[in-house]
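Take a look at these structures.
The same subunit A turns up in both complexes below, where it pairs with subunit B and then with subunit C.
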Partner chain A sequence: MKNLFQWISDHSVLMIILVLALIPFILPYEALATQMIIWGLLTLGYNILYGYTGLLSFGHAAYFGLGAYATGIVLIRTNCSLLAGIGAGVLVSCIGATVIGFFCLRRRGIYFALLTMAFAQMLYFTASIWESLTGGEPGLRNIPRPPLEIPGLVSINIYKPLRFYFFVWACVVVSLLILNRILESPFGKVLQGIRENEKRAKALGYNTNRIKWLSFILSGAFSGLAGALHTLYIHFVGLEQLYWETSGKILLMTLLGGPGTFFGPFIGAGVFLYLEDMISGFTRYWMIVLGPIFILCVLFFPQGIWGKVRDLADKNRGIPLERG
Partner chain B sequence: MFGIPLNMLIFQLFTGLVLGMIFVLLAIGLSLIFGLLTVVNFAHGAFYMWGAYVALLCMGYFGNFWVGLIVVPLVTGAVGMAIEYLLVRRLYGLNPDYPLLLTFGISLTMIEATRILFGTTGHPFDAPAMLQHSVNFFNLFSFPLYRIFVIFVTAVIIFSLWLLLEKTNVGLIIRGGTRDSEMVRVLGIDISKIWLMVFGIGTGLAGLAGILAAPMRGVYPEMGIAMLVECFVVTVIGGMGSLKGAVVSGLLLGQVVSLTSLFMPEMSNIVIFIAMAVVLLIKPSGLFGISGLLE
Partner chain C sequence: MEILTTENLTKKFGGLTAVANVDIHLGKNEIQSIIGPNGAGKSTLFKLVNGELKPTRGRIWFNGEDITGLEQHLISRKGIATSYQITNIFPKLTTFENVRLAVQSRETPYNLWSRARSHETLNGKAEEILKKIGLWDKRDHLAANLSYGNQRHLEIGVALGTDPILLLMDEPTSGLSPIETRETVRLIREIAGGLSVILVEHKMKVVMDLSDNITVLHEGEVIARGNPQEIRANETVRRVYLGGVRE
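Here is the complex of A and B:
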């Protein structure tokens, strides 16, 4: 048992890639698996900021929505390829995160959380009044679905459930490899250092503000990628993607899975969406079940599902629990 | 001015004052709770919404707005105290993010419970009959009597709060606790009772704001959300933990929103965020903020 846990932790990227490759065959339908992996990617992006850097953002719907809208708009207005559309989504999210991050990071702690939320609301209202661009309340419809093509070589129609799932899976694999590289780098260690004690990181000579800003942008970029993929998946962008409830959902998934853990985001997104799917079979008011779950999570196990598993495993091995 | 008749401008200034007063009622509660308990009460908007719904129930049972005006703050205050005692209290002394997350969960639950009990659509809410007509000022413009009543009630509340905080022993303890709660405890004062009371006062005020706003802004489950975000902006601009800041920036933002909706209606939802960005650039700790508090 101990060795198994150690082995899983040591090969975390490989484990996630393998498990994610299996879930469309385990779950009752592929749509749920696709939802899980897209939201997992979004939560993964969020986890960089909250889990690893310790910055509580309440407005991550902004970057998810920016990526989704940018991809949708670019695909409708220009005749560009699939990858260019996704690239546009990521780029716009990056720019959005750069600007918003600049303002939000002028304050710390609680104020930071409130500022991120205020900026997300600002984007939400902007999208709702800028109808010529975003389609306003009814949302952005009839988004074309270009095939995945390498010019002169192949052109694949990826819009069949299982194919699309594995297209997203490939994007997630690339993201995971990049993220793993970043988190294992000295830069990644400084991020976690800032989470544990920002003053000390500063005293060691790190420009913590710039590092936090980079973390914010990085987190926005991954969230934007998730938004772009979401647009391709449902070929529609709705205003609710920018709404505060989306930000809350991302936060809930992160807490559920375990903030600051490598597996947490996908576990959180998976459990959340599975619960949502199950509960909404009984009642459309599924938040009445989720709200209390959220409260209990905060009160009794803020380290999340994977954090709990890790703590138990650490206890078995006699490692003190304070480890990050 | 800009081709807009003077009477419309004055009317809009009054409307801004009413909106500002609602902002102030909510922001004072947020600010008090934050200053003393260092809890950002994310459920504040939900208490505001419950205030309106409890008022709706009172109208149903008693057919009387005035009973509601007394009952609502008592009910939302009591619910707030119960939540503080049973849930929020467990998290004191931990990372300040946790109470924020907790009250966010409470807010989700409260909103969803309201949707289940009262439906997802809005309910009409009439101002009391004796306040339904308008008052004419110098034949220049007329203003609904109910809104003047709201200004009056809020002014009385703000004044009594000021008396409570500045002129009583309890107020002294609250102010002391905001600066250094450990020191207050060392002096032999059971500050947990004060925490309970302040949470109750804050949520009670939120409920009161809810019933006062109901005839003007309608009653629906999500009514507290936009309001909460706006009040966060008010407290960030005014400086959290500062009463003066809450009052000044609440009134200021009321005018900003109301004047924008006169000159550029489509910008009215966005302008407060621009104001916030500007203030943060010039003075990061807010207008009256204690810099460094919980940062």
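Here is the complex of A and C:
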């Protein structure tokens, strides 16, 4: 059991990839699985900033929304390929995070959180007013999902749910590999150092302001990719994607799964969406059920579901695991 | 050549002058202690030198270069490290990672693509430091779980990790038992072989044992300087400081 846990920890990326390849066959329908891994990717991006760097953003709806809108607008207005559409989404989110991050990082703690939220809300209202571009209140409809084309090589239709799922899965796998690389790099260790003790990190000669900014941008880029995929998934971008509730949902999922752990975001997103799907079958007021679950989580395992599992395994091992 | 020189260094907080026209002269490989009663301005002086605070007036030269007003992280890169009085480590990282983070700070922080765990030179240096401070067998423990004495040593290890030319040590033995204090004195003597040290310390035995020279601060001003014998014999110092402290 202990060795098994160690093995899973050592091969966390491989494990996630395998588990994610299986869930469309386990869950009642593929759409739920697709939704789970898109939100998993979104929280993964969020976790860079919150879980690893220790910066509590309350405005990640902004980058999710920017990615979603940019991809939607580009695919409707131009005749570009699937990958170009996704690229546009990621690029716009990156730019958004670069600008917004620059301002928000002037402040710390609660002021930082409020600034991120204020910027996200500004984008929300901008999107609701700028109807010619965003479709305003009713949202952006009938967004095409072009085939996956690599010029001169292949053209694959990804219209069927299962095929689309595996397309998203491939994007997530690439993201996971990149992210794992980054978090295990010296740079990734500095992020954790900043989370643990920013003053000392600065005293050691790290330009913590610039490093936090880079973390912010990276986080925005992955969130933007999730937004782009979400647009392709439902052929639609709604205003609510930019609303502060979305930011809250991202934070809830991360806390539920385990901030600062590699598995956490996917577990949090998966559990959250599964409960939502299950409970909203019985009642419209599923948030009433979520509330107590969330309170119990925060009271009894503030380190999140995966954080709790890891701590239990650590206790069994008697020595602390090397944290990654 | 002097490693550190300050000239008329002054820091005011509103109406309060914490450090007033202080001149420090520190030679290469010298251990100099700064002593004085609480509130004499010792900690403020450290913060001015390591860049945590900007001086109101005066200049600081380090290794022949004017570093006055430079950003803290840039001063650190010039070769000044601090070990803090209140343990200032990375609690949820392992002992090893604490030191490695300090060691790797001398390289570019924007290395996003190689694996930290397989950096042989970084790991080798971290290992060397951990052995020196006696924490190699506790390398996988989270820093938060170390005993207080061990954390004090890790604090010094993290400062050493940046490979400093000048080490500012703020009460390295505070809160330690006599045995642990002896151990720390031995450690300071060992590391001081290759670098300059400014030591702030209240235990007079430690100060007298280790220091080449001593500067005495009182209400932000230098009231005496000299080697341990001279300071011990100095009437003013006896009156304002040593008189109240047992040796």
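By our rule, the second predicted complex is superposed on the first by the 319 of 324 C-alpha atoms of A that agree within 3 Å, B and C clash if a C-alpha of one lies under 4 Å from a C-alpha of the other, contacts with A are read in each partner's own complex, and residues count from 1 in each chain.
The definition used in the following text is that a contact is a pair of C-beta atoms (placed from the backbone, for glycine too) under 8 Å apart; a residue touches a chain by one contact, two chains touch by 3 or more.
Note that the structure is a prediction, hence the values are computed from the model and not measured.
Undergrad: What does the overlay on subunit A give for subunit B and subunit C, a clash or a fit?
TA: Superposition check on subunit A shows subunit B and subunit C fit without a clash.
Undergrad: With subunit A's C-alpha centre as vertex, what's the angle to subunit B and subunit C, nearest 10 degrees?
TA: Here the answer is 80 degrees.
Undergrad: If you stack the two complexes on chain A, which partner ends up touching A:115: first (subunit B), second (subunit C), both, or neither?
TA: Touch status of A:115: first partner only.
Undergrad: Who does A:251 touch here: subunit B (first), subunit C (second), both, or neither?
TA: first
Undergrad: Is A:290 in contact with subunit B, with subunit C, with both, or with neither (first, second, both, neither)?
TA: It touches subunit B, and subunit C stays clear.
Undergrad: A:107 contacts which: subunit B (first), subunit C (second), both, neither?
TA: Once the two structures are laid over each other on A, A:107 reaches subunit B alone.
Undergrad: Go through the superposed model and pick first if A:189 touches only subunit B, second if only subunit C, both, or neither.
TA: Only subunit C is touched by A:189; subunit B is not.
Undergrad: Kindly classify A:10 by the partners it touches after superposition: subunit B alone (first), subunit C alone (second), both, or neither?
TA: Neither partner.
Undergrad: May I ask you to decide whether A:199 touches subunit B, subunit C, both, or neither, giving the answer as first, second, both or neither?
TA: second
Undergrad: Minimum C-alpha distance between subunit B and subunit C after superposition, to be given in whole Å.
TA: Superposed model gives a least subunit B-subunit C C-alpha distance of 14 Å.
Undergrad: With the touch criterion stated at the top, can you tell me which subunit A residues are shared between the subunit B interface and the subunit C interface?
TA: none
Undergrad: Contact residues on subunit C for subunit A in the complex?
TA: These residues of subunit C touch subunit A: 50, 52, 71-74, 76-77, 81-82, 84, 88-94, 97, 100-102, 104-107, 109-117, 119, 122, 140-142, 145, 158, 161-162.
Undergrad: Within the complex, which stretch of subunit A touches subunit B?
TA: 56, 103, 106-111, 113-115, 117-119, 121-122, 125-126, 128-129, 244, 248, 251, 255, 285, 287-288, 290-292, 294-295, 297-299, 302
Undergrad: Tell me, which parts of subunit B touch subunit A in their complex?
TA: Residues of subunit B touching subunit A: 34, 40, 87, 90-91, 96-98, 100-102, 104-106, 108-113, 115-116, 225-226, 229, 232-233, 235-236, 240, 266, 269-270, 273, 276-277, 280-281, 284, 294-295.
Undergrad: Which residues of subunit A touch subunit C in the complex?
TA: Interface residues on subunit A, with respect to subunit C: 181-182, 184-190, 192-193, 196-197, 199-208, 211, 214, 319-320, 322-323.
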